[in-house]
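To start, I am sharing the structure in question, which I have written as structure tokens.
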Amino acid sequence: MPDTSETNLFEAQSVADRLQAEALIVDVEGFEGPLDLLLTLSRTQKVDLRRISVLELAEQYLAFVDRAKALRIELAADYLVMAAWLAFLKSRLLLPPDPAADGPSAEDMAAHLAFQLERLQAMREAAAQLMARDRLGRDTFARGLSEEVARVRKVVYTASLLDLMQAYARIRTRDEFRPYAFDRRDVFTMEQALDRLRGLIGFAGDWTELASYLPDGWGGDPKRRRSATAATFAASLELAKQGQIEIRQSETFAPISIRRKTP
Amino acid sequence: MTDAPEKSLFDAPPIAEQERMVEAILFASAEPVTVAEMAERMPHGSDPAEALAYLRKRYEGRGVRLVRVGDAWAFRTAPDLGFLMQKETVEQRKLSRAAIETLAIIAYHQPVTRAEIEEIRGVAVSRGTIDQLLEMEWIRFGRRRMTPGRPVTFVVTQGFLDHFNLESARDLPGLKELRAAGLLDNRPLPGADAAPDDEAEDISGQTELFED
Amino acid sequence: MTDAPEKSLFDAPPIAEQERMVEAILFASAEPVTVAEMAERMPHGSDPAEALAYLRKRYEGRGVRLVRVGDAWAFRTAPDLGFLMQKETVEQRKLSRAAIETLAIIAYHQPVTRAEIEEIRGVAVSRGTIDQLLEMEWIRFGRRRMTPGRPVTFVVTQGFLDHFNLESARDLPGLKELRAAGLLDNRPLPGADAAPDDEAEDISGQTELFED
């Protein structure tokens, strides 16, 4: 990122300083925010994070921000917010405490910053330990030839005694009221049968069973079949009386056949 | 690893260790593995064929076994445990209205012929309905009726009695009891405003016709 | 079906047989299987937990091991034999530093809100990072926090435990020490007791502007 004209600004400094400064500048985009930068800076103190000098750290941070400004490096706003906060903390740490002041003491604020750094550091180390564990697909392996578990669906039909009794009661009550709710749907009248036979008899030249003249949809249900059979039989008698057809039956209970009477 | 080839001539791992290796390779591989492939992956000087022989013994009678597939090897579930590889999901369904009515008629009127069931229900009974009840083992064929055509009859089974917690089909409550229990729907059909209670009495008299 | 519960008390297979069954079920599955799932597939009255204890002993020191993953179990190859498996090694997706840290924070602090993650890292968590971890099924949504705004929390999954060879989240490395040192406490900024969540929200709002 720094071009030659910018690095020239550091020519007066020692090589070591310059390298350090360059490292910081080059890395600035690699930092994951101001806390990360502070953690990196704190390493130069070479002490336990619990005994870190927050004042010194604040000065290092502010110096870094100044240097970045000198290099005209744009710092993200949160780096500047942190700089402002650290400048404030620094002044509070240097001044004698004001007993009238509200809010947390400078020491509390400093301690919290130290805690945040320690916690971030701890999480970094935990992450590293985690990633170094034996890992599935790298160190340990799952079954390569897994067998699918077949799902078998079994349907079980159920009914309770209540269902059974209600069903029976339903059938019986339906019977009870049938005579009153006279149902014309299931009655085929002789007039209808006559119309039907008259229309069809012209097409049948030879003997045809009377049963085959039953209307469609009336052959299944026993009640409808009975009604249609009776009406069709009555209609055939009527047509025979009128001399339009002939009827024959080979013996008792044998099928009845009819045919058109040839004039 | 880098110096393994040099040491290998002398340092082939102990056979127990080779057995572990073969075990791990076969376990993790998606395909059966040949002896040559194993040898390629194991340290020089290993003898996968020998290790396999030990491993195969070790898995004898276990829940998985080492099987030969062509010229390769693989772990497979023991054949007698195949039933564990399926998960049965039981789905409960209510019997259809046609089935429950047919069943009720058989239970109350047994032994009963198909024609009689149709007579009582007032509609044809589909073959599927009877088949379903036979398959559930709630009904079975009874004696043939000694009438023309010798039609088969249906009766309910012990399984039916067990399911409904009945000692015998005679324990089924009669119409009067059904009414007393509030199970009989006394609402008249639409358009039928005649006193339903009297009618019901009449009908229960009629139903005797169907009882045996 | 009706008499099964009665028989089951006497008909559970011998424990050696149950051990074989558990072995077969776990061998057949690439994913960890819970004890409840095993029990569902095994004959009534079986005790998969007991069978598992025997089975685990049996596989100690073998090329594959029985491992516990949360409340489930799986066979996995022994870690010292990983070098044999170059063929099986799946290309591990390279995780960014942000993703790795976010994952660790979720694992150690779970259930944890996004604001809390940002508070710990001192920087906004990009949407992509969370999405990536969700997609890898290493984290999932936990319960909402009962604080103003009811923020969602994140927790790690069984897949996370499986991947990192952890029996449970309690076995995370160094967890006890971190807790003893107070580093897992949610310690708010002193003086910022007035809704610290809001503040965190503010900061993250600002930093979003500068991301990417």
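Think of it as A, B and C in the order they're written, each chain with its own count starting at 1.
Methods note: a contact is a pair of C-beta atoms (placed from the backbone, for glycine too) under 8 Å apart; a residue touches a chain by one contact, two chains touch by 3 or more.
Values in this document were obtained by computation on a predicted structure and should not be read as measured data.
*Asks:* So which chain is farthest from chain B, going by the mean of the CA atoms in each chain?
*Replies:* C
*Asks:* Using CA atoms only, can you tell me which chain is the most central one in this structure?
*Replies:* A
*Asks:* Cα centroid separation between chain B and chain C, in whole Å?
*Replies:* That gives a centre separation of 36 Å.
*Asks:* Approximately how many whole Å separate the CA-defined centres of chain A and chain B?
*Replies:* The computed centroid separation for chain A versus chain B comes out at 31 Å.
*Asks:* Starting from the mean Cα coordinates of chain A and chain C, work out the distance between those two points in Å.
*Replies:* The answer is 22 Å.
*Asks:* Touching two or more other chains, which residues of chain C qualify?
*Replies:* 27-28, 41, 75, 77-78, 85, 88
*Asks:* On chain A, where are the residues touching two or more other chains?
*Replies:* Each of 141-144, 147, 149, 156 in chain A touches at least two other chains.
*Asks:* Flag every residue of chain B that touches chain A in the complex, lowest number first.
*Replies:* 24, 27-31, 74-75, 77, 85-95, 97, 99-101, 103-105, 107-108, 115, 118-124, 132, 136, 163-166, 172-173, 175, 178, 183-186, 188-192, 194, 196, 199-200, 202-204, 206-207
*Asks:* Using the touch definition from the top, list the residues of chain C that touch chain B in their complex.
*Replies:* So the residues of chain C touching chain B come out as 2, 19-25, 27-28, 40-42, 61-64, 75, 77-78, 81, 83-88.
*Asks:* So in the complex, the part of chain A that touches chain B is made up of which residues?
*Replies:* The contact residues of chain A facing chain B are 141-145, 147-178, 180-181, 220-223.
*Asks:* Can you list the chain A residues touching chain C in their complex?
*Replies:* Against chain C, chain A makes touches at 32-36, 38, 76-78, 81, 103-104, 108-109, 111-112, 115-116, 118-120, 122-127, 129-131, 133-144, 146-147, 149, 156.
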